[in-house]
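Let me begin by presenting the structure, written as C-alpha cells, before commenting on it.
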Amino acid sequence: MSSAPRVGILGGGFMARVHAHAARSARAELVAIASSSAARAADAAAALGVAQALPDAASLVAADVDVVHVCTPNTTHASYAAQAIAAGRHVVCEKPLATSVDEAQALVDALDEAGLVGAVPFVYRYHPMVREARARLAASGEALLSVDAAYLQDWMLLPDDENWRAGAELGGPSRAFADIGSHLLDLVEFVAGQRIVSLSATTRTVFDQRGDASVANEDIAAVLFRLSGGAVGTALVTQMAPGRKNALTIEWHAADASYRFEQERPDELWIGERAGSRLLQRDPESLSPDAARLSRVPGGHPMGYQDAFDAFVADAYAAIAGAAPDGLPTFHDGVRAAVLTDAVLRSAASGEWIDTTARARRSVAA
Amino acid sequence: MSSAPRVGILGGGFMARVHAHAARSARAELVAIASSSAARAADAAAALGVAQALPDAASLVAADVDVVHVCTPNTTHASYAAQAIAAGRHVVCEKPLATSVDEAQALVDALDEAGLVGAVPFVYRYHPMVREARARLAASGEALLSVDAAYLQDWMLLPDDENWRAGAELGGPSRAFADIGSHLLDLVEFVAGQRIVSLSATTRTVFDQRGDASVANEDIAAVLFRLSGGAVGTALVTQMAPGRKNALTIEWHAADASYRFEQERPDELWIGERAGSRLLQRDPESLSPDAARLSRVPGGHPMGYQDAFDAFVADAYAAIAGAAPDGLPTFHDGVRAAVLTDAVLRSAASGEWIDTTARARRSVAA
Amino acid sequence: MSSAPRVGILGGGFMARVHAHAARSARAELVAIASSSAARAADAAAALGVAQALPDAASLVAADVDVVHVCTPNTTHASYAAQAIAAGRHVVCEKPLATSVDEAQALVDALDEAGLVGAVPFVYRYHPMVREARARLAASGEALLSVDAAYLQDWMLLPDDENWRAGAELGGPSRAFADIGSHLLDLVEFVAGQRIVSLSATTRTVFDQRGDASVANEDIAAVLFRLSGGAVGTALVTQMAPGRKNALTIEWHAADASYRFEQERPDELWIGERAGSRLLQRDPESLSPDAARLSRVPGGHPMGYQDAFDAFVADAYAAIAGAAPDGLPTFHDGVRAAVLTDAVLRSAASGEWIDTTARARRSVAA
Amino acid sequence: MSSAPRVGILGGGFMARVHAHAARSARAELVAIASSSAARAADAAAALGVAQALPDAASLVAADVDVVHVCTPNTTHASYAAQAIAAGRHVVCEKPLATSVDEAQALVDALDEAGLVGAVPFVYRYHPMVREARARLAASGEALLSVDAAYLQDWMLLPDDENWRAGAELGGPSRAFADIGSHLLDLVEFVAGQRIVSLSATTRTVFDQRGDASVANEDIAAVLFRLSGGAVGTALVTQMAPGRKNALTIEWHAADASYRFEQERPDELWIGERAGSRLLQRDPESLSPDAARLSRVPGGHPMGYQDAFDAFVADAYAAIAGAAPDGLPTFHDGVRAAVLTDAVLRSAASGEWIDTTARARRSVAA
C-alpha cells in the first residue's frame, strides 16, 4: 500500500468531520462513508466530500478501502472494529475502544493475529509541547515526584443537558472518566514514561435523570494514583465545571524541573525550576526533534486541535505503510484505558485502592 | 482595653517580622519581645522596633501586655499558647496550633474557660477575592459539585534542603500537610461554608535524611475528599514542586458558577459560567461588602501578603476589643486543622477513607 | 466554475505549503506548481502533493487553472499577479501586493476590468475572536476612543540574521511595516470599521549591513494614528524584540467596552467593562454568527494559524464561485496597505503627520 | 535627626492614608495633620491615628515636624511645598510637583539652597521587579532598541465622571499625562537609564463638560518618543479604557533580552530571549541586590502597592537621615515630569516633534 490509503468512515457526526479533514490533509482518498441511515450517510458524504455513501457498516468494511475510521457511539466501537478487522481492514477507532477490558483485549488479539494496525486517537499526544515535556523528562532521567492533573468540562452541567453518552445503551458504564479521564491518564503516563500502578477513586452522578432519560454513568470522578517510579498524583475529572470547556491540565513535578501543559493553550509549556522558571512557547528552532517534527508552522503561529488530529492520522497512515512512528496511540493504549476505567469504577464502589498493573502487558516506554 | 492593644511577641524570625508590621499597622504598642536567647531577643527588638527585649517566654507572658503573638517553631506553639492563656493573655498563635488533636482541643478549652480570644493566622482568608468567592457562593445557594485544590512549593526540593520543620523535635509528625495543606483545606472549607466529611490520602517522604538530620515527616501529600454537601475534591500538597514558590490554588465548581483563586495573583478571581466567564479583578466599587471592607487600596493597585496579614491582625485585635469580625480564624480552626492532619496521616497509613466529622464541634458556617 | 477550483501555485517555500494545505482543505484540485527553478518546482510538487511541476511563472499562468496563488518574494508579487490577471486567472496574492501604491492600484484596476477575484491573505481577520470583536463593536454603535497596537517579532534580532526581505531587490523599501505592520493596521481598521485618516511615524534600521548584504529597509517602526471617528492610537512594529515570535496584539477602547486580541492566543478575547470584564474563550454556542461560522471545532478545542488560513482560502474560492463572503481581504485591501506603508515612510522622513485618506476609495465597512 | 522623623501631613484623602501607613511602617511619629478645614483635619487625625489636627497648611509647616507630606490637589502642590521648604522642612510631595516647568524648577532651586530633601512618589520604581529589569539592563550593557508602553485606566470613562482633576483650578492644563503618563515615562527612563530626547504626541478631550463642570485637560494622550541611545517607543495614556483600572505596562526591547513589567502583576517580570523566555517570579533568592533589598516577603508571597509605597517612604526618610538610597525619586524627577508634560501639550498643539533635553540637568543614571 502506498502512503496515501483508501479510507472508509463509519459515522457522520462531528468526529467524522475531524477524521475526514485529517485524512484529506494526509492526502488519503476518501472512498466511502456509512452512518446510522442511508440518508444520513448521503448527507455526510456530501458535507465531507466523500465519494460514496454506503447503507451500513457491513457494506463499508466490505468496500475497497485500506482503513476504516470508526466514529460512532461508544458502545458500538468494539463490534465495528471487530468487523473491520475481520474484513482485513486497518482501523482508526474512537475511544473508548471498548466498554470492558476483555472486549478491548479481544480486539488487540484479533488485530495482532491479522497483522493489522489499530490506532486510537489519544490525540493530545500530538501537541508538540506534550512531546517536548516527554523528551525533556526522558533526557533528564530525574525521578518524577508528583503529578497534578485535571480535565474539566461543563457541557453536562444542567439537568436538561442530555446526551447518548449518559445512557447505558450507547454510553456504557463510565462517562466522564471513560471519555475524558482516559485522555488525561493516557497523557500522564505518556509523558511520564511510567505506568500508574494503583489508584483510589470516588465518583458522583449528580442527576439520576437527564430530561426523560436515565443516567447510567458518572459526571465527576476524583482519583488518587501512584506511578511505578513512586510518584503520587491527583486527577479531577468532571463534565460539570461551569466555564470549563475542555480544560485538560497536567503538571508533572520531577526532581529537577516541573512541566505544565494546558490543552487550551497547547503552544505553551511551563517549565518550573528552583530559579529561572520559563513559559516556553512552541518554536521549532529550539525544540526537541520529536516536538519539532510535529510543528507544522513556525513559532508564534498557533497550532490547534485539528493540527494535532492531522498529525495523529498521518502517523496512523505511516504505521499502516510500515513505519513505526514514535508515540502513536494504538489498541494497546485502548486496552490500558479500559483497565484504568475499570479500576476507577471498582475503587469508587469499594473505597479501596486498586492495582492497575495487571493487564499492562506493554510498557509505555517500550 | 482600647482597640490598640499592648503586644508581646514570642520569636524573632521572619514570621515575627510579619506579625510586628501588622501589629504596628493596627496601631498597637509593641511592648516586648522574647526569642530563643536574650541576644536574639535584643537583635529582634532593635530590628523590629519593639520597646523591650525579654529573656524568655515566661517573662514575656508575665509582662504588661494584652496579647501574645506566638511565632516560634511548630512543636512549641501549644505550650507557649498555654502559658500565655494561663497568664490571662489573648493569643495570636502561628499554625499548626498543636501537633495533636487533643493538645489543640485542650487549648480551646482553656481559652474558652478564661474568656480570652485566640486567633490562628489562616491568613489567606483575608484576601478580598477569597471573601468575594465565599460571598457569591453563599448568595447563590447553589450546590457545590467539586473542588480542585493544590498547594505547591519547592523550598524542600533538594536533598540538602534542611529545616527544623523536617525533624521530629521541632517539626512534628506532619510537615507538608500540617504547614501548608492545613491552609489549603481551611480555605476550601471557609469558602464552601461546608466541612470535609471524609478523606483518603497518600503521602511521600522522598528523602529519609536531609544533610545530617533525619526526616520525620512527609514532603508530599495527595488527598481525595468529600464535603458535607456531597461535593468531591482533590488536593495535592508538596514542598518539592520545582518552580512553585507558594502556589496555593483552589477551584470550586458550583452548579451555577466556578470560582478559581490563585494566591500568587490574589487580586484576581476567575468566575466560570456556561457562557460569559470572567477574570474578576479586585475593585472595591463592585465587590461584596466583606470583600470591599478588606480592600485597602483601589482596584488596579495590587494588594499582597502583608496586606492580608495586616487585616487579619486588625480583626484579631477587634475581637479582643469585643467585636465579632466575620471570618476570623480562631483556635477552633486550629483544632480543625489538627483533625484533618491526623486524618491524612491515618489514611496514608491504612489506605482507608477516614471520617473527619468527629471533632468538628463548630460548623464553619455557624 | 464549481466551488472546488483548479489551483496553480507560484513559489515553493513555507507559504506555498500553507496555501497548498488550505487549498486541499477546501477540496480544490492542486493542478500545478512553479518555483524559482524546475528542480525546486519538482521538489515542491512532491512535497506538497501537487500533480504537475512547471518550469516558470509563464507556463503556470498558462496552465489549465482557475486560480493562481502567488507565494514568491515581495518585489515579484505585482508582476506575477499582473501576468495571472492577463491570463484570466483569479489570484490569491501574498502581501505586500505591491511595493508602491501605484503598482497596487494598477492591479486592482486590471482585476476589476477583467471581472476577476483577487484576494490578499490578511489572514488574521479569519480568527473567530477577531470577528467577535468586530461584531460587538459594530452592534454597540459606541464611539471608539483609542487603540493600543503592537506587532513584535525577533527573527531579525542579530546582526547576522539575513533574509531576502531586508534587501532592496526582493524586499523593497519597507520591511517591518510592509510585512507585519500592514497586518496590524489592517486589523485595526477591520475591527474598528473605520479608516486611519492620518499618521505620524518614526523608523529605525539598526544594522546597515546583515552578513554581506546591505539592508534597505527598517527593522522597527513606531506609529501614532488617528481614525476617522476621532480615536487615537499607537502602534509599535518591530522584528527585533527578543522573545516575541509573532506577537500581534491590539486593544480597542470604545465608550462601552474594550476588546483585546492577542494573535498568539487567538481563541481568547478580553472584553473590558467598567465592572465585569471578561476573558471570553471561543465557544461557538455563544458567539456572533460571523465568529461562529469560522469556528471549525467546539470551544476548548484550540484553533490556530492554519485554521484561519484554511477559512480565508475557502472564502476566496467562494468569492471566485460567485459568493460575497463578509470580510474577505481583497486587492483593495492590498492597495490600502500600500497607502499606509507609503505614509509611514514619508512621515518618518519628514517628521510630519501624513494624510492617509487619499486612495481609500472603498470603506472598510462597505 | 534620627531615622524616625517627626511627620506632618497636608491633606486628608486617600493618598494621605497611604502616606500615613507608610510613615507608620517606617516607625515615624505622626505628629500633625491639616486638611481643607479644621473639621476634616480632625476626622483625618482620628481615622489615620495622627496625634494632632491643625487648622491649615501654615500652622502645619510651622509645627514641630521634620518632614511634610503634601497630599493635596494638583495645583496646590507647588505652593505648599514652597511653604514647607521656607519653614525648613523636608518635603514628600505628591506628583505633579508643579503644573509648569518653571514652578517645578523653582522648588528644586529652593530645596537645594536650603539643603533639604524633596521626594516625589514615582512609587512604581519601588516594585522589586522594576529594579530587577533595571539591574539586568544595566549589567548587560546591550543597546535598547524599542519600548512599548501604556497606562490605561477607566475611572473617567463616562460623561458624568467628575473630578477636581478635570478642572483648570485644581487639576491644571494636563490630566491624563500629568497624572499617569508622568509615572509611565518616569519608569521608561528609570529602567532604561536614558532620557527621552524628543517626542511627538496627540491628545483628546472626549467631553468638554463633565456634569456641570468644564473640562480643562486631556483624557487621552498618545506619544511617540526617541531615547538618547536611539531607541524608539510608543506610549498610550488614557483614563477612558473600559476595564482597565491601573494598567501600567512597559516592555523594553534590548539587543539581548526584552523586559515586560505589568504594574497590576508586580511580582512578575517577563524576560524575553531568542530562545528560552521566562516569566520571572519575584524570589529574593535569585534577584539582583537592589531588587532583593526591596523584597519584604519571600517569593510566592505577593507584594503590592502599599509595600512599594512603604519602601519609597522609608528611602525618603533614609535620605533625610543622610543616606543616598539608589533610585529615590526626587524633586529633580518632578521637574523632569513637568518638562515631558509640557512637551506633550506643545506637540499635540503643533503637530511637531519636541526636543525634551533642555531642562534635564541631571541624568537618570547619575
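A, B, C and D label the chains in the order they appear, each numbered from 1.
Here, contacts are C-beta pairs under 8 Å (C-beta built on N, C-alpha and C of every residue); 3 or more make two chains touch, one makes a residue touch a chain.
The structure displayed is predicted, hence computed values, not measured ones.
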Which of B-C and C-D has more C-beta contact pairs: C-D
Longest centre-to-centre distance from chain A, chain (CA-based): D
Euclidean distance of C-alpha centroids - chain C vs chain D, Å: 41
Between chain A and chain C, centroid-to-centroid distance (C-alpha), Å: 36
Centroid distance [mean C-alpha coordinates] between chain C and chain B, Å: 54
Sites on chain B at which at least two other chains make contact: 244, 277, 281, 283
Chain contact graph, described as a line, ring, star, complete graph or other shape: complete
Residues of chain C that touch chain D when the two form their complex: 145-146, 148, 150, 152, 154, 157-158, 200-204, 206, 219-220, 222-224, 226, 230-236, 238, 240-244, 251, 253-258, 270-274, 277, 351-353
Contacting residues of chain A [partner chain D, same complex]: 275-281, 283, 285-286
Chain B partner contacts - residues on chain D that touch it in the complex: 14, 18, 21, 24-25, 27, 49, 153, 244-247, 263-267, 281, 283, 296-307
